[in-house]
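Some structures are shown below for you to check.
In the two complexes that follow, chain A is the common piece, with chain B as its partner first and chain C second.
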Partner chain A sequence: MSRERDTPAALVVMAQLREGREQALLDELAALPSGEESPFRRVASTHFCRWLLIPALLGADGEAAEPGRAYLLLTADFDGPLADWVAAMTREMGPHLDRIFEHCDGYRGSGELGALTDFIAERRVSVGFSILSSRATVARVRSSLELRRALREFAIDSQGMTPDALRRAWSERFGA
Partner chain B sequence: MQRQQRAQAVTIISPVHRLWALWLRATWPLADRLAPVKRPLLRLSFIHFAHWSLIERVPAGVAGARRLAHPYVLFQSNFDDELSAYIDAFSLVVPGRMRAMWQGVFGFPGPRPVDRFLSFILARTTPAQYYYCAYPEASSTMVEAALRLSEEHRRFAAEAAGLEDDAFAARYAEFLTRNQLLL
Partner chain C sequence: MTTLAGLQGNVLDGYRTPHALYMFVSVTEARVARRWLASRIGRVTTYGSFQAARPASTFNLAFGHDGLLALGVPPIRLAHLEAFRQGMAARADALGDVGPSAPARWELGAGDSHALLVLTAAERESLADAASELRDSLPEGGLTLSHEQHAYSAPEGREHFGFQDGFSQPAVPGASAPRIGEGTLTLWRRWRRLALGEFVLGHRDEGGRVPAAPLGPLGDDATFMVVRKLAQDVGAFRSYVAEAAERLHREPAWVAAKMLGRWQNGSSLARYPQAPGPPASQDPNASRFRYGEDPHGYACPLGAHVRRANPRDSLGYQGRLTQRHRIIRRGMSYGAPLPAGISVDDGVARGLMFVAYQGAIERQFEFIQGQWLGDGNPLRLGDDRDPILAAEGSNGQMIIQGRPPVFLAGIPRFVTTCGGGYYLLPGIAGLRALADGAC
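Entry: the complex of A and B
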């Protein structure tokens, strides 16, 4: 497995909304399933993702700044590379992407991967400085959390066992 | 800011003096590679992922796109605990780094006193309408502990494979003692 594939990557996309689409976009985001039902659950390399509406950029004194438009911000942390993540998003949640991004200028649908990749590339904001608590993949984080839970349970359940019973229980639980 | 179990999202977008944008653009490439710059932030141990960006044009990736009147600093973080505790820690533990990031943002009051800094942050926070976390039950500390424990478990399993029952039990007790803070 390549280092790039193992390493989390960040994506920031800021797309200008079409005029008057703010409420329709908010409705669409509110309707997107969350938690265990989130379509991002199927894009298995996703660590974190958020969508938010920026009603307007504000100037130095808090006034609405030119060009006075609203923006959709998509940011995500995922196990790289970007092309694989975008392809997985298209495959697993293409209709959701279409219903959200159709409110943005220049969106041509997720049906053509090249067009979606171009749309993202043209609106991608570079990340300048990052803090990452770990570089583990989503799969490794999840399996490690599950193992930690199992070891904690085993430590409690195995209290007072004789050595042979402990060994047998360990082998049954952890296979070694 | 939106809460989904342990991890939360915060997003802040603020206009910044153009000279400060130049400073950030010049210093970030090196700072992003220097572990000593990041270590105090990582030691806070409630950040999963945090990113700082500069936005100077929209659309950002198109040559000749419209230049904004001011550059904007975009800060986003996935973190545990409450936002006020997060900002408290930034203010108290790494005030110098906060200045190095935010000093050129319009209206930045400095990292101390923390109440003013927190008000500044809250006034510039944009709520997330949608937030997803792949492991919402886990804090950043839990993830780090689990990853370290996973390595310890792999080593223990390899070492213990050929041991007799009594030796296995003794070795297991050592494993538990050594890693009890990770469980």
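Entry: the complex of A and C
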């Protein structure tokens, strides 16, 4: 596996909304299943992903820079490269992507893979901050969480054991 | 211009009166209610009037979003205040108010009400007289009483779980004699007072900006008030602590202190990790500590309740990550104490009327409740949640760091939310404008 494939990456996309689509987009986002049912769960290489409607971009004077124009912000952290992640997103949640991005200017649908990649690339902005604090992949994070859960469970169960009993319990639970 | 003259009392300086009554009311006739309000403004206890002369009883009033609308405030003046506009019940999921704490199960009338009237007094009789007079005025004042709750400060300020409470309040300009350690740290590790705008609208906050406030006079000398009626299962707490202490071969007082982060007399584990120090109420240095000196939680566990609620400099950066998330607490107990030595529920309703003041509900109360108490990740504690307050969805576990560490498991629910709401405590100018229909 290449280094790029293992390396988590961050993405920020700002897509301008078509006029008057704010409420329809909000309704679509609100209808997205969350938690275990979230369509992002099906894209195994996703660390975090968030949609946000920005009603207006404000200038330094606090006034709307482009009155009446809203933006859809997509931020994501995933195990790279971008093209693979976009392909996985299209495969696992293409209809969701279409219903969300169709409210944006210039979206041509997820049916044509290159078109979605281009759409994202053209609207990508530089990442100022990412919540990723390590280079661990999603798979590594999940296995670490499972290890932590198992260790804590063991620690709770083994409190007060004598050293010999503790050693035996450790071997039984985790092997020698 | 905003001054503190019109700020209502009990915000910057606590009344410290032992008896209180909270009256949740609804507006039934706006015009009549405004007239009633006009007749009551002169009786409102302010920051200035309480300092000048302590009255036999105090009177304060706050309004929920819908109450302000019912009194004729245009929605546009409040529309930008999202949490206040939505109310506490609508934010239940983020606050952990689900399951037995869900708004659908709250006591009748104890949710986000139109208004909250608060009386306090040093003597029980004074409170009863003031309450009777106020109660009698409501029907002809276009108001309906939906819920009432008496509360009190127990001797030594101990809440039902047995801990002295109510100190370590944020040091802020205008508050009298804060103790060292109650403000925020400077880059030189000296303590200073927090910016007034963290708690009073119209003033600059720690970010150097004036916090979002209602437009117009309602934003002058005002503050946001969060109220929660929290039932405490004292029997469950005592049983759990006793069982854990026996299993761990420790004293129950040690287990309870590690869960709370304080000994029962209020002395901090950060200062006195082995045994209680002087009672916090009598110790001028009770708040003089930094968790940054205990980075691994060996003195005060990283997940202890008071350390979660105010991590001080635990998160590094000389406490700058925590100084925007402070609240002024004015809670009082309700219900008769469970007699000493009893560890089973006796069916008596008891708990805490939690009251907090702040400049921004989302950034202060909701952040503390949702992120620091209701989650473990911000404090690098994984799935662990606050062992006292955050039962719903919790793994029921807590690590007491040490050599060796001790693990608590199976922590049950000790606290259930029975009601609550988000209110605006307007200043006198705001109350006058409200009474005049001029907001």
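General remarks:
Just so we're on the same page, the second predicted complex is superposed on the first by the 150 of 176 C-alpha atoms of A that agree within 3 Å, B and C clash if a C-alpha of one lies under 4 Å from a C-alpha of the other, contacts with A are read in each partner's own complex, and residues count from 1 in each chain.
Just so we're on the same page, a contact is a pair of C-beta atoms (placed from the backbone, for glycine too) under 8 Å apart; a residue touches a chain by one contact, two chains touch by 3 or more.
Because the structure is predicted, anything quoted here is derived from the model rather than measured.
Looking at the shared chain after the overlay, A:V12 reaches chain B, while chain C stays out of its contact range.
Which of chain B and chain C touches more residues of chain A: that partner is B.
Of the two partner chains, chain B and chain C are each touched by A:R148. By the document's definition of touching, of the two partners only chain C reaches A:G160; chain B does not. Chain A residues in contact with chain B (one complex) as well as with chain C (other complex) are 145, 148, 152, 155. Interface of chain A with chain C (complex): residues 145, 148, 152, 155-156, 159-160.
Of all residues in chain C, those touching chain A in their complex are 247-249, 382, 397, 405-407, 409.
The part of chain B that touches chain A in the complex is made up of residues 2, 4, 7, 9, 11, 13, 15, 24-25, 28-29, 31-32, 38, 41-42, 45, 47-55, 58-62, 66, 68-70, 72, 74, 76-78, 101, 106-107, 126-138, 140, 142-147, 149-150, 153, 157, 160-161, 165-166, 168-169, 172, 176, 182-183. Taken together, the chain A residues at the contact with chain B in this complex read 8, 10, 12, 14-16, 26, 29-30, 32, 34-35, 38, 40-41, 46-54, 57-61, 65-67, 71, 73, 75, 77, 106, 121-134, 136, 138, 140-145, 147-148, 151-152, 155, 163-164, 166-167, 170, 174, 176.
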